[in-house]
Amino acid sequence: MKIIGSVKEDLAAEKRISVTPDVVKKYKDLDFSIYLEKNYGNHLGIRDEEYKDNGASLVNSSKEVLEKSEIVLRVNCLSNDQANLIKNQSILIGQFDDFSNKEIINKLIKKDIKIFSLNSLPRITRAQSMDVLSSQANLAGYRAVIESVEAFEKAVPMMMTAAGTITPAKVLVIGAGVAGLQAIATAKRLGGIVSATDVRIIAKEQVESLGGKFLSVEGAENLETKEGYAKEADESFKKKQTDLLKNAVKKNDIIICTALIPGKKAPRIISEDMVKSMKPGSIIYDLAVGQGGNSAFSEADKVNLVNGVKVMGVKNILNNLPLTASNLYAKNLFNFVYNLYDKKKKSIFLNEEDEIVSKTLITKEL
Amino acid sequence: MKIIGSVKEDLAAEKRISVTPDVVKKYKDLDFSIYLEKNYGNHLGIRDEEYKDNGASLVNSSKEVLEKSEIVLRVNCLSNDQANLIKNQSILIGQFDDFSNKEIINKLIKKDIKIFSLNSLPRITRAQSMDVLSSQANLAGYRAVIESVEAFEKAVPMMMTAAGTITPAKVLVIGAGVAGLQAIATAKRLGGIVSATDVRIIAKEQVESLGGKFLSVEGAENLETKEGYAKEADESFKKKQTDLLKNAVKKNDIIICTALIPGKKAPRIISEDMVKSMKPGSIIYDLAVGQGGNSAFSEADKVNLVNGVKVMGVKNILNNLPLTASNLYAKNLFNFVYNLYDKKKKSIFLNEEDEIVSKTLITKEL
Amino acid sequence: MSANLSAIFYLISGVLFILALRGLSSPGTSRRGNLFGILGMLIAITVTFLSIGNFSSGFIYVLIFLLAGGSVGAFIAYKIPMTAMPELVAGFHSLVGLAAVFVAISAFLNPLAFNLGLPGDIKLSSLIEMSIGAAVGAITFSGSIIAFLKLRGIMSGSPITFKGQHYINLLLGLTIIVLIFYLCKNQSDSFFWSMIAISFLVGLLLIIPIGGADMPVVISMLNSYSGWAAAGIGFTLENTALIITGALVGSSGAILSYIMCKGMNRSFFSVILGGFGGTNSAQQKDKTKKPVKSGNSEDAAFLMKNASSVIIVPGYGMAVAQAQHAVREMADCLKKNGIKVSYAVHPVAGRMPGHMNVLLAEANVPYDEVFEQENINNDFASTDVAFIIGANDVTNPVAKTDPQSPIYGMPILDVEKSKSVLFVKRSLSPGYAGIDNELFYRDNTLMLFADAKKMTEEIVKNLG
Amino acid sequence: MSANLSAIFYLISGVLFILALRGLSSPGTSRRGNLFGILGMLIAITVTFLSIGNFSSGFIYVLIFLLAGGSVGAFIAYKIPMTAMPELVAGFHSLVGLAAVFVAISAFLNPLAFNLGLPGDIKLSSLIEMSIGAAVGAITFSGSIIAFLKLRGIMSGSPITFKGQHYINLLLGLTIIVLIFYLCKNQSDSFFWSMIAISFLVGLLLIIPIGGADMPVVISMLNSYSGWAAAGIGFTLENTALIITGALVGSSGAILSYIMCKGMNRSFFSVILGGFGGTNSAQQKDKTKKPVKSGNSEDAAFLMKNASSVIIVPGYGMAVAQAQHAVREMADCLKKNGIKVSYAVHPVAGRMPGHMNVLLAEANVPYDEVFEQENINNDFASTDVAFIIGANDVTNPVAKTDPQSPIYGMPILDVEKSKSVLFVKRSLSPGYAGIDNELFYRDNTLMLFADAKKMTEEIVKNLG
Amino acid sequence: MEIDPFIFRLSIFILSIFVGYYVVWSVTPSLHTPLMSVTNAISSVIIVGAIIAGLSGNIESIFDTSNIFGFLAIFLAAINIFGGFLVTQRMLQMYKKKKKNK
Amino acid sequence: MEIDPFIFRLSIFILSIFVGYYVVWSVTPSLHTPLMSVTNAISSVIIVGAIIAGLSGNIESIFDTSNIFGFLAIFLAAINIFGGFLVTQRMLQMYKKKKKNK
């Protein structure tokens, strides 16, 4: 198992890549061979030469790559055609979604392909370096703020000038997970007045550790699971949260939504009324739009203008930051492969006792 | 002279407005009457009611406003039609350009209209509160960075993460005037590594006072005029600057151009070669594009992709920040009117001995 | 009272004096310290009475003089304006010096009464001790008089130097030693009197060349002298109280003047030798003689610690020095002490619109402590300290008064209305507008000449 | 040698001892201080020889014992490992105490030789002084022995308390006083000997209940006792050197132990009375008895000031405490002293990717001082101080060694390789991963228990 | 083998110098002036000598020159004692008031 | 009217206490151990008493019990003197080395 390959994604939907020239070098150090489809990184300004210089082989068609590779690296799931081409018993690593990719996954399992979905990576310390959810959400949080500020028709920081004072923009971050925290940090940097809310009580300290203000829902129990994710809230909690947010939403200029419960539809937190209560010119950026959205009126890849409020959401915000996102993603993949690699035997060995292996491996048909 | 009016601008080219609800109140305190064209601030989310609540009268047509007003407030020059409608001997205040507005200005002068162009405001301490160039350039600097960062496909701040380190983006600001300084501040805030260059030596201290690094052209004389603007540089200086910048440009990810010599075509500072020497994915934002641009390939309101480098420039960047910009602009105008207002006589009095009056008044045909 | 018992009481009064000085070294205990001092003095005087024991008619005279002096002293203490403190202390010193001389003379004239032998046949050691006491006392007296006159303004405060002054002083000092030597040999009155006379002269010559600015150091130095004089007399009279107290005052005075020199960044010797004072005042003359009060970080810390509200006015200098973090930290310290802190940001402070906001935000100053000019200008009048850091033009009242000035008409921050104004800047040089700021010369202004960051950091240290 | 001359020399040696202690109060002058001490001792011994003046054969014996003792002392001083310092000092104390007892006994047996009267008819004052000297000396001796045994580990370090111990001590103390009283009345040997015996007992009982952690305070306290004992003997022998030095050592020891208590945040009395020590060690027992070295800001400042390079390792605690500005300021101070400062940022420090970068950027830490783990991990070995502020998991070596641990396999910062490791955190509680960090218990680790911001600010103060 | 009391006095003198040195070493600058003034007041302990001088000699001739000098010295020292302590008191009162404002 | 020398000694004693108090008041914590060790060494000035005790009595009977106690005391104190100062020296040496590294 020493041949790693990667083919181009569907550029219309995905600009990220799974292999960067940097990691090619790292794979080579472990004696892997790398096959990439030609023009693999062209759309990001990465020329084929850069890959070649680092030791990758570039081949003309995706077919060739898939037929050769024993390990295939992906961002998204393979297309149907690609699934047909991939070698039996090979390993496929990427971010796969149980729901939307069901058919293809079933097909691949039939071909006895070992599918590792990094979406199911356990949130344990050792897995941090492979945690694509973290690495990508982090960038998503940053980017959401940048895009919101760009869309915002006022200046964010406070400026006391001879022509009067510009009051600082108020930014509310809903959900203080990885994406939310980075959003807080970025908004703070730009000089916004930042507050945030979350169902997990521990988030309070974390928000404050970034200089943000935490809006606590009174009497909230701690809705954190052992794994560090959020549990679904009950009705009484939701009611209290709504009351709290009704007020907060009205006063804020920019709202970044990142609330999420893994495996569930995203909680609806901002109602239509709340959106309408905001000042014209305000922004709602809904990062959870892919999971159904935290806010009313949010639609993927659209900007909806509601009473002068821009409600925005992008399905794949990382397409707007593809270079950095790919760098991190490719490193995550490398670290994952490295974990599969037996340093003594100098080859891939799937240790099923390893939580990281067992939890990410999709073995049964869905 | 107690009737002030303002009509809508050409919304295609200008989103800023000259009168905000806030300043209406201030004018009323001085017993002015305010006439505005209906839907005056609609495009910015300001409803006519807000103006009315503060005491302005909203009339149905621009014609009515122009015929009634003794003082007309503008952002840009009047259109030909409007120039025909404006009352003889009235006062017109705004930002007018000797070159592009020549004909209209001549027409107005013939109608014995007192035209004040705030572009010619002397940069004296007392005039700071009316200085539209400053107030607008300040916002332009901020906005240029926000837009560049949005266009930039990588993250700006340094992040050391489990998936590897994101190196901070390098930002170079050319020209450390009002716009440049605010650009430096904004880029610093976002975590960029910021350097800047200018011909005025005093700018070094100012750049450093914002935490930026100053790139000094060796042996540069001080090219500052008494009025605090820049002088044109000689050839030997330009050569030295080019050498310095050749290196710097290559290393930077984002370049914000703000260099300007008043009344002259903007200096060409970044050559075609320099642009091409940059990494793919880099950004050049040319704020001086309206005056001819500091950079090769920069064109107003276009994004040119040159070897993967995005060269951007907007003619009126303030259209992207119209609310804040209008707030400041309207206050500047108010302060200007207030300066014309004789507190004892409680009326407008044009004191020609006042530098502010004499320098801004266009008396002769161009 | 037995000699042993009185010796013990003298020891106690000495200890009380130690506790007095100790108390004075920190504000919290200072008042108690003063009480210890009073108590010590009371004990010393009472014990002296008791140990002499002969309540003859002389006793009444002693009481009369004591009370007369006391009332004069009390009167002066109550009448004197607080601003005249330095010259008052100088004046008092001269009295101690003179008293020491008188006691020495008395002992010299009537050694028997003091157990020192017979007139004309005084014990050698006593004679030496008494001469030293008298000489130092005389120097203290005349030196203090000069210091008093200079501080009072009766004599020009500027240093009066002349060529060879150090040599003359040296010569006179040697003369005193020679005179004492002969006095010991001959026990002749004339040597004694001339020694005292020359000592008076030395006192004059020592202080005349020292400039007014250095007077506090001089006073402390004279204080020290008066201590040594008392100690000398103490040895003569074999009195422990005098010895302990004299040594205490002598050394603490010397140390104090050393500390003060250090605080002013002046060399101890250049102050004491006086000649160097000249350079300093020459500079002052250039500045068209307007006097400026300048302080150090400790003064600033003290003023702010005792304030109930402080307004910080940042300007371009704070940006240049990148002092924003230090300023924030200073504000934190103040707030911890329950002092209200706000920031007043002038619309054109700095060199770009919103310059100060950028920096304050960077230092994480909460937005609700930052006020624009219009909203805070009225608060200065009810504020104890305006802390102006690297700002200048934006506080210059000339903008309100002088139509000729380039900044006429600009609204300014009314910092001068607060009780004390602290200006942190490196020099008296003007700001962007290039005009002098008369606030620097006001009575309630204290200039803190230093780089903004360094000064603020030092203030933080002294606040802690 | 005349009594006067030797008195003067004794005074000089006393002054030298003062200068010795003074020197020891700051690192720069400490070595000179020690020399002063040696010089003072040399003078005291020489003068004693000269003033006795009869160089009989006894003199030879004195020399023999002196040299014998000296060689033993020198031998111990060279052989002892640096880590055994505390018990060494305790051991030495016991010797001083015993020596004082011996001298007192000698004086009691042969008062004539000391000018104290005849055996059985010793001067009252001398008898009292000598008894006090002997009693305090005996307490010092036996107390120091216990301290020594506890520190050496021969005796359990945990405090041994029993009911009514304070009453027993009180009773014994009263007994001593009564015995001295009767001794003065009867001058009977037996009272003298029993008094000494009971004093030994008191020493044992005083120290036994005190826990090992408080031993440094105890040693300093015993130091003080030995001083008082020497002073007591000094009064008996009418020897100024002994009086000055004894008082000096006595009071400085007492103050030092007070300061140490303050530094450890313990009440002076609870330490000295011993009973309270129990509570403390109970806590320690919970922590499975692993000893932790904890220090204060001054220790940290001292360590860093004397380092040539410092690596700062920030963690989530720095973020919680919002200590980034203070940390930056600390780094500035260090850099001003020519110390190299870098920051080591672990990829998962904090609670979000890049958490530390956000904060360091906010505090304006230059990018080129911030290193990611891979690039700086090798530098720890050549670094003097690793300053870990609010980080925990990211430094936990268990990640390398224990496959069972939840953080096994995570790359960690090798902070333990640097010469000293400072941990700023509020307690011994674990970090995010919930596991204990064995670094806390290492020999080259100093824990600084406090809020990160407060501690850093204090360190800054102590650096300045 | 009695020791000359002078030696004792010398010891006392020297130790007092040390005490004086240490006692003011760490004083706050803002207390310099009151400290100076209290030191000044204390230095008028010279009055002890003055009283001795005033009361020296026979009971009859209390107006010997030496006595007169003594009386003058008492007068001067007394001014200093009262003036010095009271003025210090006043100064310190000021500090106290400021504090209370808080 | 001679004063009892005891009073002088008492004065000296009390003043020394003050000096002791002040002299260590501001010591750096890191110097606590060396300071303690030097104080310990200094306290062995008790050797002065020991020498007197050892040499007391007639020249013939130098092995009186009292002398023997004296000799023992000399021995003990001597250990302390040498040991104490040398060990302090060693400790301080460490500090110095660290400094030089800079």
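Chains here go by letter, A, B, C, D, E and F, matching the order in which they are written, and residues are numbered from 1 within each.
Here is the rule we go by: contacts are C-beta pairs under 8 Å (C-beta built on N, C-alpha and C of every residue); 3 or more make two chains touch, one makes a residue touch a chain.
Only a predicted model underlies this, so the values are computations on that prediction, with no experimental measurement involved.
Asker: Give me the fewest steps it takes to get from chain C to chain F if each step has to go to a chain it touches.
Answerer: 1
Asker: Computing the C-alpha centre of each chain, which chain sits at the greatest distance from chain A?
Answerer: Between chain A and the rest, the longest centre separation is with E.
Asker: Is the number of contacting C-beta pairs greater for B-D or for D-E?
Answerer: Comparing B-D with D-E, the pair joined by more C-beta contacts is B-D.
Asker: At the chain E/chain F interface, shared numbers over all numbers used: above half (same) or below half (different)?
Answerer: same
Asker: Counting only Cα atoms for the centres, state how far chain A is from chain D in Å.
Answerer: Here chain A and chain D have centroids separated by 56 Å.
Asker: Report the inter-centroid distance (CA atoms only) between chain A and chain E in whole Å.
Answerer: Comparing mean C-alpha positions, chain E is 80 Å from chain A.
Asker: Hey, how far is the Cα centre of chain C from the one of chain E, in Å?
Answerer: Their C-alpha centroids are separated by 18 Å.
Asker: Of all residues in chain D, which are in touch with two or more distinct other chains?
Answerer: 14, 18, 238, 240, 244, 322, 347-348, 353-354, 358, 361-362, 364
Asker: Which chain E residues reach two or more other chains?
Answerer: As it turns out, chain E has residues touching two or more other chains at 2-3, 5, 8-9, 11-12, 14-16, 18-19, 23, 25-26.
Asker: Two-or-more-chain contact residues of chain B, please, as numbers and ranges.
Answerer: 128-129, 134-135, 138, 157, 159, 161-164, 166, 189, 191, 211
Asker: Name the touching chain pairs, would you?
Answerer: Pairwise, the chains that meet the contact rule are A-B, A-C, A-D, B-C, B-D, C-D, C-E, C-F, D-E, D-F, E-F.
Asker: State the interface residues of chain D toward chain F in the complex, per the touch definition above.
Answerer: 13-14, 17-18, 20-22, 24-27, 30-31, 33-34, 37-38, 40-41, 44-45, 48-49, 52, 54, 56-59, 61-62, 65-74, 76-78, 80, 82, 85-86, 88-89, 92-93, 95-96, 98-100, 102-103, 105-107, 109-110, 112-114, 125, 216, 219-220, 223, 226-227, 229-231, 233-253, 255-256, 259-260, 263, 295-296, 298-299, 302-303, 306-308, 338-339, 384
Asker: Quick one: which bits of chain E touch chain F in the complex? Just the residue numbers, please.
Answerer: Listed in rising order, the residues are 2-3, 5, 8-9, 11-12, 15-16, 18-19, 22-23, 25-26.
Asker: Under the definition above, what is the set of chain C residues touching chain B in their complex?
Answerer: Touch residues, chain C against chain B: 316, 319-320, 322, 347-348, 350-355, 358-359, 361-362, 393, 399, 406-410, 433.
Asker: Would you mind writing out the residues of chain C in touch with chain F in their complex?
Answerer: The touching residues are 3-4, 7-8, 11, 14-15, 18, 115, 238, 240, 244.
Asker: Contact residues on chain B for chain D in the complex?
Answerer: 157-166, 168, 191, 193, 211
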